[in-house]
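The letters A, B, C, D and E name the chains in turn, as written, and every chain counts its residues from 1.
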Amino acid sequence: MRISYVLTTIFLLCTVRAADIVCPATPPYPPCCVSSEFWSGGWIYISSVAMITIILLLSVVYMLSKIFVKHEWEIWIKDEAYQILISIVLIITLVIVLSAICNVFTTLAGNDPFLIAHNYLNSLIWDKTLNMATNTFQYSVLCQLLAAFRTQIGPVALGVGFNQNAGLRAVAVCFDFIYALTAGISASLMVQDIGLSIIQAFAFRIMLPIGIIFRIFPFFRKAGGFLIALSLGLYIVYPLCFVMNKMVVDSIVSGISLPALETYAEPFLLAVISPFMPIALIGLYTIMNQLAFLLPQALFLPTLNLVITLTFIKNAARVLSQNFAEAY
Amino acid sequence: MPIVVSWAEWQAITLAVVSLMFSLVSLAYMIGTGFHLPKLQGWAKDELYQALASLLLAVLLITFISTIDTTMTTIYGKDPFDIARDYVNTVTAGLGTFFTGFVAYDVYFQLFKSAVLKAMPSQTGFDINPLIGLAPLTAMLSLSIEATLGAMALLFGMSAFISFIQYQLSIILPIGMVLRAFPFSRAAGGALIAVFLGFYVFYPFFWVFDSYIYSDVTAAMYAFPLANTATTALGIGSECIQCPMCCVANVPDLSGNMFLSIIMNLTYPVIYYIFILALLLPLFNVIMVLILINELAKIFGSEIDISGLSGLI
Amino acid sequence: MNILRKALLCMVLLALLLSGCVVNSDGTMAVSPACSSGTVSSGFQTMWESWQGIAFLAGSTVFIISILAYTLGYALMHRKVIMWAKEQMQEACLSMVIVLFVIGLVSFLCSLDLRTLGMEVSCICTDPAEVYPACTTGTSCNFVNVGYGMLMEMYKNIMGGFLTVTAIQSLLSALSTTTYGYAPGGVGFVVSPLGALGDIATSLRDGMIVLMTSAILTLTQMILLKMTESLFVILFPIGIILRSFGASRGFGGGLIAIALGLFLFYPLMVVLFYGSVLGSIQADYSSMTTSLQGQGLDASNSNWFGGLLWPVAGFIGKAMVGAIFIPILMFMVLIAFIKGLSTALGEEVDASNLTRLI
Amino acid sequence: MLINGGFGMLLSIALSDISGGIFLGGWETAALTALMISFGIIAIAFAIGIGFGYRELEEWAKNEMYEIFISGLIVGTLIALINIIFGISINLAGGNPFSIALSKVSSMIVETNGQFLTLLLYNIYIGALSTLKFAFFIPIPILPPPLPTVIVIRIGSYVTPWAGLSSLMMGLDAIFNVLGLMIAALLVEQVLLTFIQVAFLKYFLPLGILMRTFPITRVAGGTLIAIAIGAYIVYPLAIIYGWNVYNQFKATSTPGNPGNAMEHMFFAPISWNIHDTTNVLASILKNFIIISIMFFLSAVITLSSIRSLAGALGGDPDLFGLARLI
Amino acid sequence: MTAAELFQSVWSNWQAVAIAAAVLSILFTSIAYSLATVFKLKSLQLWVKDELYQALASAFIAGAAVIIITAISNFSCSLTGGCAAGQDHMDVAITIMDTMKENVITQVQYMFDLSMRVGMITEMGKYYDFSVGNVACLVGLCSTATGFSWYYWAGGSMILDSLDYAFGLLIPVISSFIAQLYVLQLIKTALFPSLLAMGIILRTFFFTRKVGGLLMAIALALYTIYPLMYIMLQPYFTFTPHDFYYPENDVSATIMCGGSFVPHGDADHPFCIGIPGTLTYIIPGLPTSAANTGEATFMFKNGCRNNGDCLGGSTCENINGQKMCHGPPGSDYGSDVYAGMLSPYNGVLPTVGYLLVPGVFLPLLIILVTISFIKVLSPQLGGDIEITGLTRFI
């Protein structure tokens, strides 16, 4: 009697949880919701049809094995039946555990991980990368302009003339180099941003149901397992990595302070050669510092995200596509 | 009093580390036999072999390196690192003289190119910039100045890398030994030891080999072409028989031939120094060392991820 | 039947704890780097207590389930289940043991003052605003800070070198544009005698770009060093918890390998590798500045090229090797270490694309 | 001894190219010492293997013995093989391929210099012309000379008739880059020829043989031997083949007028025929195509033969990614 | 002489060598086979069997080389829709490139004349000054002269700079057309025959088979794919040069320009300079317009002479003040519509832009296609697949 009591509580727990697993009919969808087609006749209908066809197939094969006394077919059927059972159990646990995990991480991250990731990336692209690029471009144009100023003493035919700030042209070349670098970085960040919104649109609403369907068919078991793992990895782990990036970056911003430019430059005789040089170099110094802050966030952390997600997908695919044959 | 560890004597540290690992493993083995834990005993026995292999490896490496050092010092009077550094410095000095040569020519050509002849008293007459057409020549000279300075910077970097290997890279041998002792970091340990052996022993060896090629080949380089262009510039060379005016170039213009031969006298040895000595031979050294590291890594039991490095090239 | 009830109780407890774990008011988990001012940072301490609870809980639940499975298997004489259960139990014990030692390990690493090991190193001040060696509140010299200090020294030298090269280059290009007119009465020449200096200035310009890139890369590594501490604080606990559950053991092992590799091995290599290069770059920088002050910028004395350009080329070459070539070597060895560690801890970290990336 | 005797038989290759390498105290002694040392190691290993009954060590020693035998065989046949092939290449090229290749490349350099000089003189001419500026005026003395002049008004004008030539000079700069590239490529070929002739058989080949005897450096040694022999034999022949195509198809035939732009050196009115430049361009480009195609083809042929040789000698056929590099 | 005949002449004296080499290698393999059977070396036997097939294949290729080549040339001729007598598809490609080169050079001549006119007028200046007293200001320093100088057309320097830039691109584009022409001629006369002959000979020896196969693949690819690509892309390798006119002719210019001191110095050509106009300008005095004052839009849009002058007999009308000339009814834009320039904007800069496509982009495309064909063909002929770094580009 107690067991039934325990089972009912668990079942209740599932149904309560189940309610907010499925996405509502119309967007905006709450985080981690499986597409509503799951219930409203879309996927359920197909998976049940798939189930019936497989059972039909198995029974036919069973009958044949009896007629032709093919013993190994019988074993195969027993195994397939077992696999279908496993698949169904797997799917149900998946749906339950999924929402629990999702809610936990949402509370952990404080908000929908996708939203945080988008805000983080957008702030990185628009506030940091692109306005730094425009600053760099303006500095470069200014330096080229100043480099062209020429002081002429006496008439050209009988005097001396020179461009005092000709050195600024080299500083302008440094600015152009940084401008090219920032353009590349903003491109890579934008690609990640778009990738995230694609994942949000497709991972749970399309990929996961298809994976579940494939998991049921005997031949597509491995592919099904992989698809489920892929959708899990992309939908849950990948945005969380961005949340992690944001936390890491927020934690270190305060810890790093760099001395002003003057401390390095005992030979600050630059002012002697051209009055505009110190201004340009201070501008270059600040932009170099901003770029140094940007490079890890645009190159190192995205690679780390990729490595973590791929490791999860590889591991989950291996676990999900096991057929637990040896367990019985 | 803080224990002062001078990281330079890497040999002593390696032996200390390896013996420490050895004692640890034998301790584990004793516990295994003492408390009749067959699993621990089996594992310890296997680790014992690995520790033995590491000890043997360390001893072998140290003797191999010291023999190489002694043979080299007996034959050449300096250890390979000093020979390598001297050779790199002589090549850089050679490039320095070419640099000053180019700058000297550049001074004259820039002067001629920029000269504007004004013959316009009270706004009558003419202005002309007679030799502005020399612009392509000064552009080529500026390019060669950049190339020479770049090659010098590269060679300075190489000599810095050589002294980095001599004084600092030796630290990764003890670390490699330590990592090699633990089962899970054996891959990384074996890789580190292969990298150490490759760069500490073979890399300077190839540089010494280059220094011996240098003296022979430079003599041959200077023998052949210079005699040719020098004489032809003065109209004595073999090509000048049919057309005395056009020995350096088949265009009858004496001044043009004269200054072209001067330029060729300088560019020929510079191309030899930059292409062969500053690019080809260092690349040859690095490639050979990487092939050897790949082989050594297989021998030390851990497939080092050199594929990454080859991707780098 | 009490086992079942206990299992249910644990499940509910777990759900509660997981949802209510340490989050501050607006829900974001406050992350603070592992070490601060020479010892374990208090933020990490508190956070680790709560994560420790969860890790123990996860370990005990796995332990209970595997005991259950063991008895079941024993009852049904099913050898495979017994084997599976025994293995899960071992893993649970191992992760619990690791959990116990984490605080000890982190505090040891944070407080290990490298100067005691006889390495003359440059550390950083405890108060981040000040710049070493002018520290008022004292210095902290654990291996992360020492790595950071050394990179800071190198960054200063490269920036100093960059400014000197810019000074020389701007003087040369200014001189190269001077035109001198001698055409009295409209007849004569207008000449720019120092045109050749312009070509030298262009070659110095390439040196400037190399130095600027080296400075940026050095600064990036300083930031990476700081990041590894915070990454360790996030990845390591999650890794341990995931490692105790059978299904996600591989993934957990991978996360632990990445966390340890980044927090432990990377700063160690920075200290070892950069300890060496720093010395030679500092020597070169000082020789360049002395030669600059020594003969000044007057192009009159004879070995002007040798005296000035030689150390400049040397400095650029060494900065290039120190700031660009050696980091590549370091990341190569770091990846080999992480891959080796992760295979041992259970899951092959898919770092293959990392190696392809480099 | 066998090795030294074998070398005596090498008549076709100039002796100076073969012996006299002073690296490690002469390479013949180095090769012998290397063989001795490796024999010693194998003997010890073999003894340990039998003594301790250590099966794999015995197996390894036997295998190494076989490898040493192979190395000795390779060295022996190699010398004979080089001699035969070098003999064929001599009568193919009609003389020592290296000296012929060097003289051909320097003749190519002379012709390219000729084109460079012509274009430079043409460039100087139109450069000077484009900056030529005239000025003149008409004085209007107020009250003309017989009368007292109070003020003199001058009205004048400046004219630079050929300023438009500056665009042509911009175009020619690109052509000078092409010429610079041609001369650099030919100089690199000449430098490589001398380098291979002097260093490859005297230094690289012995180093390769030396490294091939030790087990750990066997693959590297095999690659080195393949590079040394492949380059020494194939590279000069490829250069000579290139020269033949160049000679048959080149633009400059008689010295002095390579489609000489200087034919129109006269004070032309402002009308200027573009064909002066395009003719010079045509002759330069004709040579540029042949020289660059032949430069690329000789690299491909040499590398391809080195790769097949490296495969045969147990070296690393893709030259550790180097093949992919070029 | 078509390329096939050229190869035939080269091959006539090399065929004997190739046949001898093939026979030699067959002999060599048979000896090795007997050795293999005696010593029962399985691996050697396999290797020998393979070598035997290769040797036989080489002998067949050596024998039938000429026949195969003529078959290929006939087939490719049919692809080009028939070649003239004594010509093959290579000559068709060469004529295409030759006409393209000539047309582009005439177009550049038009642009160069324009640049000369613009240069001359932009640098023209006048000065007016006066000095008090009977100072002999005719020669020598007129220190007391005060006055002003005036460059009436200095604004033209903007156009001169953009023309300089255009020429910085045009001369390399001309070189690219000349280079492509020579590459085709070089393949026909020198590369194809010698490479193919050398390839076949080298293929017979087993240790140079790789190199031989590679050379044969290169020769065949250069002989077939490379020219056929030019023939296929012919519409893009055609160009009709056009001169530059003002949108509408300038009445004042007809007086000033009258006849051409500088080529095309006619009334409706931009910056026209006729003999009378130049004289009135050069002679010191009041600045008179030596050039017409029409809109200087020729850098972007090219006008037409009067009606019927736009190539193809078009009609010109004013669209919001701009004289636009259209081709015959049905084609909505100007008459010189050909493969690329489907727009009225055929001034100086658009023409340069258009020429860059056949000058730079298409040759790269053709080279890439040829390299990938070599990569596919080379292994079939026993050649070296990994053509060093080449394969990395694809």
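Please note the rule applied: a residue touches a chain if its C-beta (ideal position, glycine included) is under 8 Å from a C-beta of that chain, and two chains touch if they have at least 3 such contacts.
Not measured: the values here are computed from a predicted model.
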{"item": "Set of chains adjacent to chain A and to chain D", "value": "none"}
{"item": "Chain nearest the overall Cα centroid", "value": "B"}
{"item": "Distance from chain D to chain C - Cα centre to Cα centre, in angstrom", "value": "45"}
{"item": "Mean-CA-position distance for chain E and chain A (Å)", "value": "48"}
{"item": "Centroid distance [mean C-alpha coordinates] between chain D and chain B, Å", "value": "21"}
{"item": "Multi-partner residues of chain E (at least 2 other chains)", "value": "127, 137, 140-142, 145"}
{"item": "Contacts with two or more other chains, residues of chain D listed in rising order", "value": "130, 133, 136-137, 154, 156, 172-173, 324-325"}
{"item": "Residues within chain A bordering two or more other chains", "value": "157"}
{"item": "Footprint of chain A on chain C - complex, ascending", "value": "1, 4-5, 8, 15, 18-19, 21, 23, 26-29, 31-33, 80-81, 128-129, 131, 156, 159-160, 163-164, 166-167, 169-184, 186, 188, 190, 201, 204-205, 208-209, 212-213, 215-217, 219-220, 222-224, 226-227, 229-231, 234-235, 247-248, 250-251, 254-255, 258, 289, 292-293, 342, 347-351, 353-354, 357"}
{"item": "Of chain C, residues touching chain B in the complex", "value": "115-119, 179, 183, 185-196, 198-200, 202-204, 206-207, 210, 272-273, 275-277, 280, 305-306, 309-310, 313-314, 316-318, 320-322, 325-326, 328, 332-333, 335-337, 339-341, 343-345, 355-356, 358"}
{"item": "Chain B residues touching chain D - in the complex, by the definition given at the top", "value": "75, 116, 120, 123-137, 139-140, 143, 202, 209, 212-213, 216-217, 220-221, 224-225, 228, 239, 242-243, 246-253, 256-257, 260, 264, 267-268, 271-272, 275-276, 280, 287-288, 290-292, 294-296, 299, 310-311, 313"}
{"item": "Chain B - residues contacting chain C, complex", "value": "2-7, 96, 99-100, 103, 106-107, 110-111, 113-123, 125, 138, 141-142, 145-146, 149-150, 152-161, 163-164, 167-168, 171-172, 175, 179, 183-188, 191-192, 195, 302, 304-305, 307-309, 311-312"}
{"item": "Contacting residues of chain A [partner chain C, same complex]", "value": "2-3, 6, 9-10, 100, 103-104, 107-111, 150, 154-171, 173-174, 177-178, 244, 247-252, 254-259, 261, 263-270, 273-274, 277, 281, 284-285, 288-289, 291-293, 295-296, 300-301, 303-304, 306-308, 310-312, 314-316, 318-319, 326-327"}
